[in-house]
Every structure is written in C-alpha cells, then in structure tokens.
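Mind looking over this structure? Questions follow.
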Amino acid sequence: MSETNYLTTDYTLRSWFLTTDHKRIAILYFASLIFFFFIGGAAATVIRIELATPQGDLVSSDTYNRLFTMHGIIMVWFFLIPSIPNTLGNFIVPLMIGARDLAFPRLNLMSWYIFMLGGCTTLFAIFAGGIDTGWTFYTPFSTLYSNSYVILAAAGVFIAGFSSILTGLNFIVSIHRLRAPGLTWYRLPLFLWSLYATSVILVLATPVLAITLLLIATERFFGVGIFDPRIGGDPLLFQHLFWFYSHPAVYIMILPGMGVINELISCFSRKEVFGYKFVAWASLAIAAVGFLVWGHHMFVSGQSLVASLVFSFMSFIVAVPSAIKVFNWTATLHKGLLRFDAPMLYALGFIGLFTIGGLTGLFLACLAYDVHATDTYFVVAHFHYIMVGGMVTAYFGGLHYWWPKITGRLYSEHWARAAAVLIFFGFNLTFFPQFILGAEGMPRRYHIYPPEFQVWNVLSSGGAAILALAYLMPLFYLGYSAFFGPRAPANPWDAPGLEWQTSSPPPEHNFATQPVVTRKPYQYNRNFQAEPQNA
Amino acid sequence: MPERAAFAPQYASVPHRDNTAELGMWVFIATEVLLFGGLILAYFVYRHAFLQGFAEGSRHTDIVIGTTNTAVLLTSSFLVAWAVEVFSPDTARLSAWLLTGAACLGLFFIVLKGIEYSKEYDEHLVPGVDFQFAGPLANGVQLFFIFYFVATAIHALHMLIGICLLTTLAAICRKAPTARHHTALHSAALYWHFVDVVWIFLFALIYLPGRSSS
Amino acid sequence: MWRQWIPFWQPGLSPQSGDVDLLFAGLLIASAVVLGLLFFLLTLFCVRYRSGNQTDREHRVAKSWHWEVGWTAASLVGFLGLFVWGASVYFEMYKTPADELDVFVVAKQWMWKTQHPGGQAEINALHVPVKRPVRLVMASQDVIHSFFIPALRLKHDVVPGRYQDLEIEVDRPGQYHLFCAEYCGTDHSGMIGEIVAMEPADFSNWLAQQAPSSPLAAEGGALFRELGCSGCHGNGSKVRAPPLEGVYGRPVPLSDGSTVIADDKYIRDSILLPRSQIVASYEPLMPSFEGKVSEDQLLRLVMYIKSLAGRSS
Amino acid sequence: MTERRPPLPLVGAWLGLLALLALTVTLAYVPLGAGNAIVALSIGTIKAGLVAAIFMELRHRSGLTLVFAGAGLFWLGILLWLGLMDFMTRT
C-alpha cells in the first residue's frame, strides 16, 4: 500500500489505547461489544435450553433469575444502547459530515474507558454472585428483599450511563458545528438525523436513570427508604423515574437502526429515499414524543386512570412517525434497480420484523388488551421483534455495508447472504411462538411453567438454537475477511455519501482535502449511477 | 509529527473551536438539569402526599446557614463572572485573585454545610444513620430529610468539582495564561453558575416551606 | 363463535373478557391488513424492480405530499380508533358493580393467601361462585406482586403499602390458572394457584365444609380488644375518640375541612397513619400501628369495623 | 488600559440577587397559605433567570444556545408534568 490509513499509522498497543481517532475508538467499542453480545447471548442460550421443558431441571430458580437479569442488563446497556451509535456512528458520523474527527476526541476516548469501567463493574457483580432483580430493578424488591449484588450492578450501569451521555453530547455538537461547507441540514444523510435524535434522548434521559439508580443504591446501602412503602414511600415513583429513561431508551436502541436502513434501502435501490423530509422529521418526532409515553408500562400498576389514558393516547401517537418511515421505505423501492446484496437482505428483514414489532406494540398501547398482555411473553416477543429483529438486524446490515470502509476488505457475499437468511428464519422461529404464549397467558420471567405451554416453548428453543448458530457465522467469515479478504475499493457499492469518497480504509484524518458538499444525499443519475455529494 | 497546531484538526479556526466548546458545555448543563430533575420530581410527589411533614421537616433546617450559604454562592458566582469579563493576559493577576476568592467562598459554603450536617446529626435527623422523630409527621419528615441529604450531597459534590476547576484555573492565570485558557475559564464559569442556579432552587425547596406557620 | 376458529385459543370466561377478545381480534385483523399490504408491496417491488428485470423505471418520484399526508392521516385515524376502543373496554373492566362478595387476598413471597368473609382461608387457591361479581381486596406483605387470571383477561399489580380492589366475575364453572405476573424473587414462577369457579349451590356447600374457623369480623373484634383499640373507641371510654359504629361507607369530615368516604383504604390508613387524616373536632392522640399489625390482622380489623356499619353510634 | 472594574450589569445583577434573596426569606415568614410556595418558586425562577441571562451571558447568545439551554428545562417540565399527573389524579 502506498498511503497509510488509520489502521497502519502505528501498530503499538499505546497507539490504540490512547488514540483519539474516532475510527480507532469505534474499533475499540466494536471489539468490546462483540464480547458483551456473546456473554448476553450465552445467558439467553441457557435460558432457552431451560425453558424447553416445563420443569426447572437444568438450573435452580435463583440461577435462572440471575441469568435473565444478566441477559437483560448486558444486552440493554452493554450491547444495544451503544451498538450502532458507538461503533458505526463513531466511525461514520465524522466521515458523513466531512469532518476530520468528532468535536471532542478526548471525550470520545474517555467515554470508551468509562464504558469499560461500567462494563467491568457489572461483570464483576455478575461473576461475584449475580443479581436477581431483573433489568428493571423494581423496588421494593431490589432495595429491601433481594440478596444479590444490586448496588454493584447498579453502579456499573450508572457508570456506563456517563459514557452514553458523552457520546450523545459529542454527536450533537459535532453535527451542529463540524459539517463540511455546503452540508446544510437537509443535505444530511438520514443516518445523521436519526443519530441526532438518538443523542438528544441519550443526553436528556440518561441522567434521570443515573439519579434513579443512585437513589436505589442509597436506599439499599443506608437503609433509608425513599421508595419504601413502610414509611410512606411510593414504589410507583421509582417506576415513573425508571421508565422516564427506559422507555425513551427503547428509541435510543431503534432510531439508529432506522437510520442505517435509510442508507441501505437507498443504496441498493439506487434511488433517493422517498419523502426525505418526512423521514428526517419523523426521527425527531419519535425522540420528542417518545418522552411522553412511559406510563404505558404501568397500566396495571395502580397509576391513576387519567394517567393511563394520557399515556395510552400518546403511545398511539408515537406510532405514527414509525409508520411514516415504513411507508416511505417501501415507496423508495418503487421503480428502483434493486440488488439483493447481504446488507439489502438485512434491510428488507428489518422492515418486516420491525413492522410486526411495531404493530404488536399497538396491542400493548391499547389499554384493555394490555391488562391481559403486560408482563406476559407477548411483551417479551414484542420487544425482541423491535430490539433483535429491528436493531440487531439493522446493526448487522450496517456492519456489512460499511465493512469494506472500516477494514478495507471485502467479505464473502455467499456466506453473508446465507447468514442473513438464516438469522431471519431463526429469529422468527424463536420469537413468533412467544406471541402465542403471551396471548395464552404465560407470564414472563417464569422458570417453571404449566405443561400446556410446552409446545410453543420447544419451538422457540429450537429457533434459538438456529439463531445462535446464525449469529456465530459472521464472526467467522467477517473475521476471516478482515485479514485475508480481497482489498476493497474506495466505493464498492457505488454510493453517493461522503464516507465513500475517501479511500478504504480512510486516512488518519479522513479526507486528504476538505470536501465541499454540492448536492442532496442519495442522488443517482438516470442510469442509476451514484452522484457523489461533493462533486 | 509537526508542531502542535493552535487548534485540533477538526476545527476551522480558534473561534470555531471556542464556540463549539461552549455549545458542548450547554449540552452538558442540560444533562445536569435532568439529573437534578429526577430528585425534584421525587420532592414534589412526596410534598404533595406529606404537605405538613415537609413543612415540619423544613422548619428543622437552619435558615440562617441556608440564607448565608445562598448569599455566599451568589457572591462567588459574581466573582467568577467578573473574572471571565476581565480575563486577558495583562489582567491575569486580577482574574487569578477573583477565582481564588470564588473558590474560597465555595469552600466556606462547604464548611457551613458541614456544620449544618453535624447539627442535624445531633438532632437525630439523619435517615439511615440516626433518625429519631416522634409524632404524626415522622414519615413526611423522614422523606423530607432523605431528599435533603441526597440533594445537598450531590450538590456539594458538584461544588467540590467546581472548586477544583476554579483553583486549577486560578493557578494557570497566575502562571502563563494564553487566549486558549479563556475557553476553559468560560466553560468552568458556566458550570459554576449552573451549580449556583441549582442551589437557588434547592434553597427555595428546602429552607422556605413552612416558615409562616408553626 | 368466531373465537373457536382460532386454533389454540381459549375464549375468555367473564362478561368483560369477551370484549377483550373481540378487541384482540380487531387488533389482529387491523395488523393483518397492514402487514398483508406491506408484504404484498415489498414482494411486488422486489420482484418487479430486481436489477435483472427489464421494466419501466422512468418517471421516478422522490416525494409526494399526497401520499405522505394520506398515510399519515390514515395511520392516525386508525390508531385513534383503536385507542378509543381499548379505553372504553378498559373502563368497562374496572367498573364496580353493586352487590358484591368481598374476598381478601394477601400476597407474599411466594404464595397467595385468600380469605372469605366467613373466615375460610385458602392458600394458592380461590373458590368463587359463578355469575356473581366478587370484589377482591388485595394487599402485599413484601414486594410487588401481580394477580393475573389469564382466563378472565384480567390482572392487577398488588403494591405493598396500599389496598388494591379488583372485581372479577366468572361465567362458567371450572378450574383456571392464577399467576403472579410481576417478578417477585426466587420462587416467582411457583407463585401460582387456581381459581375454582363453582355453581352457587356447590359453592355454599364448599364454604360450609371448610374448617369451621370464626368469621373474619369476629376475629377482628377480638383483635380490636386485644390491641387496645376498644379502650378509646369503645363505648364509655374516658379518652375521646371517634365512635366507629356506622362509620363504614359514610363520609367523614376531617379537621382540615375536607371529607373522605370511610372505605377500606381509609380505615387501613387510619390504623397505620392515624394522624394523616384527623376527624374534625377530635385531638390527634392515636398512636400508629405501623409495624405492629400484619396485613392479615389489618384486614380482620377492617372487616370488624365494616361489620359495625349497620349499627348506629 | 484594560478595564479592571466589574461591568455595571454584573454588579447590578449581584445586588439584585442579594435583594431578591432577602425578599424571599422575608416573604417566607408572611402567612400566605399555598401562596408561600408560589412566591418562593417564582422568586427562585427570577433569580435563576438573572444568573442565566447576565452571569452566564445568555442575553448575548444566539438562538441555538438558547434552545440548548431551554431544552433541559423543557424536558424537566415534561418529567414533572407527566410524573405528577399520576399522583395528582389518584383516587
């Protein structure tokens, strides 16, 4: 290679662990997240094996409770929330806005260290004996009754929260201040709009989680009961505070996925995203209205009727912008020149799975049906359709799409397509039966269950086995390609975005000369060839 | 590597860097607002449920110390604002003195807070450590004091961080201030003022209720 | 009838659960229509516009106000319709019917304890007569539990520190699952029981056959004397305390000028937090019984005071 | 010659803040019923506004900074509004 790129500037460990290059930090995050993903996945595997039979014959109830708690905490805070923003986002945002780095590179590195500190604290809590409160930390169980490492696990999540905040802050400021000349707001790729919306939530919701966890830890440590019913405290206050963060956190997890899908759909249809402004503003609408719906987790908790009505109403409203996005993606395909490379397969899978997840969300927003469905497997199936079917699928799609840019190598298209198809089938087999289980009334977090639910559980466990294998496949073919794959050209997909106009992998400061943007994103000419944003 | 540029490569100019930093600081402050926001919600929820208890709890706080501390903090904020306003290489000594003064006032605040804590400890008003309060309002008073200690402790932690920042900046001003320290000073000042604003509200929520009745 | 066409689907067994099932079917149909349309379009576009296929790709459209406004409005109207439907059924479910049978439910890690007014106690089971509304008064001894009967499409959390009412009515005799739906610790999945619905005659027989324990109100009366309540609230005591005869269900004037209805919650609160709501023209003298009485004892006291409702003071 | 004295607005704001502090403490002892809480919080808001506008120099800032400063408050409003709604409307 004649020129050096960000991977070849320096090979020392120091150059990686003290780097302020957003691309290298993205790689650090990527490696950490794979680690956490497989830990959380391992817990899920044991859970699914256990649930293949109605009796509790593999692990004890205490172990089972620790397993699903660990699965939830690791997957939510140490995989899903940082997944797309901190890996793909970190790598792509400065390239997409034509900047040499994020606004605060050292803060970016610090955020990774904070994240790792939080992750290690949580892992320590898990391996020291575990935590059995569920990822929701509901009081008074977590504060007065649980005999597990609640404070330590909460501390881990608390610490990781600061990493979220710093990432969000960095993205917001970078997108405001570091855009290349000519890159107006309506010329931003939609991935950036969705990451901007995500960052708003990260910055404004995470601190509420921080203070809530702090109150939990204080209550547990000092025995003062701010949520303790015995001195007049209200456990529902905890739930309000918790869901003020945790419902918007769902949008933290899905919005970046939606952002990726825009890039994929447009590139592989060789067409502009239909209704650009609607899709862009829909992201911000989801971020804003997403803050007004948290009480739909509490319809049967004893909150007031008025509150339930308002929250149910808002929950229906927040579904509108999501619907807008799905319709616009579908319309984008119209009269395109569709190529079904692996990223596109993931994108199409995302649309289907996300729509099922979104529609079943309406069931749960619907007051009378939620009374039956809440806290059953219906909820489990619903949010896995959004989180795994939506977010993880989009993450894999984005990863395949930008892989040549990140590593400078091409992966095996055959293996990638096979994995995409297998993931799609494994996923549906795992989680669709859970809708039926939930509708029939099987509560969630059950270690032992009545035998009539077994058929669907066996199907689900079988699907989980396929899904687990399918998730392992990319580890091998992507891992192989990173070292031995053929060299990638700068723009293997012939896409118009700024990130494709620099070499693969990009040089240390991204662009040899400052790009000047002259047109809207996603432009293709009559012959379906990309028209670069900066030409 | 060539010698360090005056600003990092992602910026176009010094002012570009400076106002980017200021924007970042404002985002951070928005985050902090919500951090205290969770506590404020808890406060209003319990005050709504235990109106009398909260008034009673408030009467057990020391309004003299509370008011003095508010005045101290407002004054230190004024000194910091003054230091930012006059900052330039040839008035560095004045800035250094003003920042030192502000940091000292901050320390004074912490000391008074400590005295107040120890008084409350003597009166058995520290939930979780030593809380004894007889009578019908005990629950409300206990919830009030939980809020009081959590909120003021988090605020005091912010104060300590702020004092460290101001002291460091004062030392820099004394030695070799350059134009780029103006950004750092400006950001630190924003943070200090924000801590001041938080206290203004905590003061109104903690010390003032229930004073007009017994 | 339509419910039988859905495989694996057990129809709901209460007057309201039919409405919930209908709502569920409505949601399913609406979702199926949307999904069907979406999958049809996706498949159509994927086949017709695949890169190998020669087809008309001229006049590509990048945006259209008509379509955007169209599908935004359509989703909004559809969603609002579902909201109104769901909310109206919800109101129906939580309406309080007259003439109810009271049953007390105490949840604790990890069992359901139910208690009939006659004193018959059950663990992890609840016998009820069919076609008769039963009001459950639920309390939790420790953490949050959730009382869930899938066959009735009904659940409600039981939060420690307060009473929670829940009305149930079963249409057909049989045995149905009772689950705890809110995660409550180690044996959460073992906190399950049975709802046994019986014909009214069978139910009376069953009640009669149970171990003859004294009625709750009577036990409450004994507690009332044991705990010393009667020392002040009893007739002819020297301390001036509000008489409790005829209080239940009536409005009580409070010292701050407001009035409350003396229901279960009020009585419970008055025992645990006596000075939070002082009856007008009385001194706040009563000590708190917080931590001195269990939920089981509390509900007996409440029953006792309730049994005084008929008497005049 | 560089200006060393504090600019007039700063001094004015400082004195104003101290005066408001005295006012709010005095008014806290005047029985106004529920009005006491409203007075205390209103004066607190005015004081916070003074600090933000003058010490934090928001009065010289562009719309974007104002939006950022206001965003935190706006979302705090959401938290308080919807959070309190439940507790205020319980029966």
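So that you can tell them apart, the chains are marked A, B, C and D in the order they are listed, and the count of residues begins at 1 in each.
The working rule: a residue touches a chain if its C-beta (ideal position, glycine included) is under 8 Å from a C-beta of that chain, and two chains touch if they have at least 3 such contacts.
Just so it is clear, the structure is predicted and the values come from calculations on it, not from any experiment.
Enquirer: Would you mind telling me which chain pair, B-D or A-D, is linked by more contacting C-beta pairs?
Expert: Output for the comparison: B-D.
Enquirer: Using mean CA coordinates as chain centres, what's the gap between chain B and chain C in Å?
Expert: For chain B versus chain C, the centre distance works out to 45 Å.
Enquirer: Between chain B and chain D, what's the gap in Å when you average each chain's C-alpha atoms?
Expert: Once rounded, the distance between the two centres reads 14 Å.
Enquirer: Once you find the CA centre of chain A and the CA centre of chain D, what distance in Å lies between them?
Expert: Centres of chain A and chain D (C-alpha means) sit 38 Å apart.
Enquirer: Could you list the positions in chain B whose residues touch two or more of the other chains?
Expert: As it turns out, chain B has residues touching two or more other chains at 23, 27, 30-32, 34, 37-38, 41, 45, 49, 139.
Enquirer: Could you list which residues of chain C touch at least two other chains?
Expert: Only 273 qualify.
Enquirer: Provide the list of chain A residues touching at least two other chains, using ranges where the numbers run on.
Expert: Each of 176, 204, 208, 232-234, 236-237, 240-241, 244, 305 in chain A touches at least two other chains.
Enquirer: Where do chains touch, given as pairs?
Expert: A-B, A-C, A-D, B-C, B-D
Enquirer: State the interface residues of chain B toward chain D in the complex, per the touch definition above.
Expert: 22-23, 26-27, 29-34, 37-38, 40-41, 44-45, 48-49, 63, 67, 70-71, 74-75, 77-78, 80-82, 85-86, 88, 90-91, 94, 189-190, 193-194, 196-197, 200-201, 203-205, 207-209, 211-213
Enquirer: Could you list, by residue number, the parts of chain D that touch chain A in their complex?
Expert: These residues of chain D touch chain A: 64, 71-72, 75, 78-79, 82-83, 85-91.
Enquirer: In their shared complex, at which residues does chain B touch chain A?
Expert: Contacts found on chain B: 8-11, 16, 19-20, 23-24, 27-28, 30-32, 34-39, 41-42, 45-46, 49-50, 127-129, 131, 138-140, 142-143, 146-147, 150, 154.
Enquirer: Quick check: in the complex, which residue numbers of chain A touch chain B?
Expert: 94, 99-105, 165, 168-170, 172-173, 176-178, 203-208, 210-212, 214-215, 218, 221-226, 231-234, 237, 240-241, 244, 509
Enquirer: Inside the complex, what are the residues of chain C that reach chain A?
Expert: Residues of chain C touching chain A: 8-10, 19-20, 23-24, 27, 30-31, 34-35, 38-39, 41-42, 45-46, 49-51, 56-64, 67-68, 71-72, 75-76, 79-80, 82-83, 85-90, 92-94, 109, 142-144, 146, 148, 150-151, 153-157, 159-162, 164, 177, 179-190, 192, 273, 290-291.
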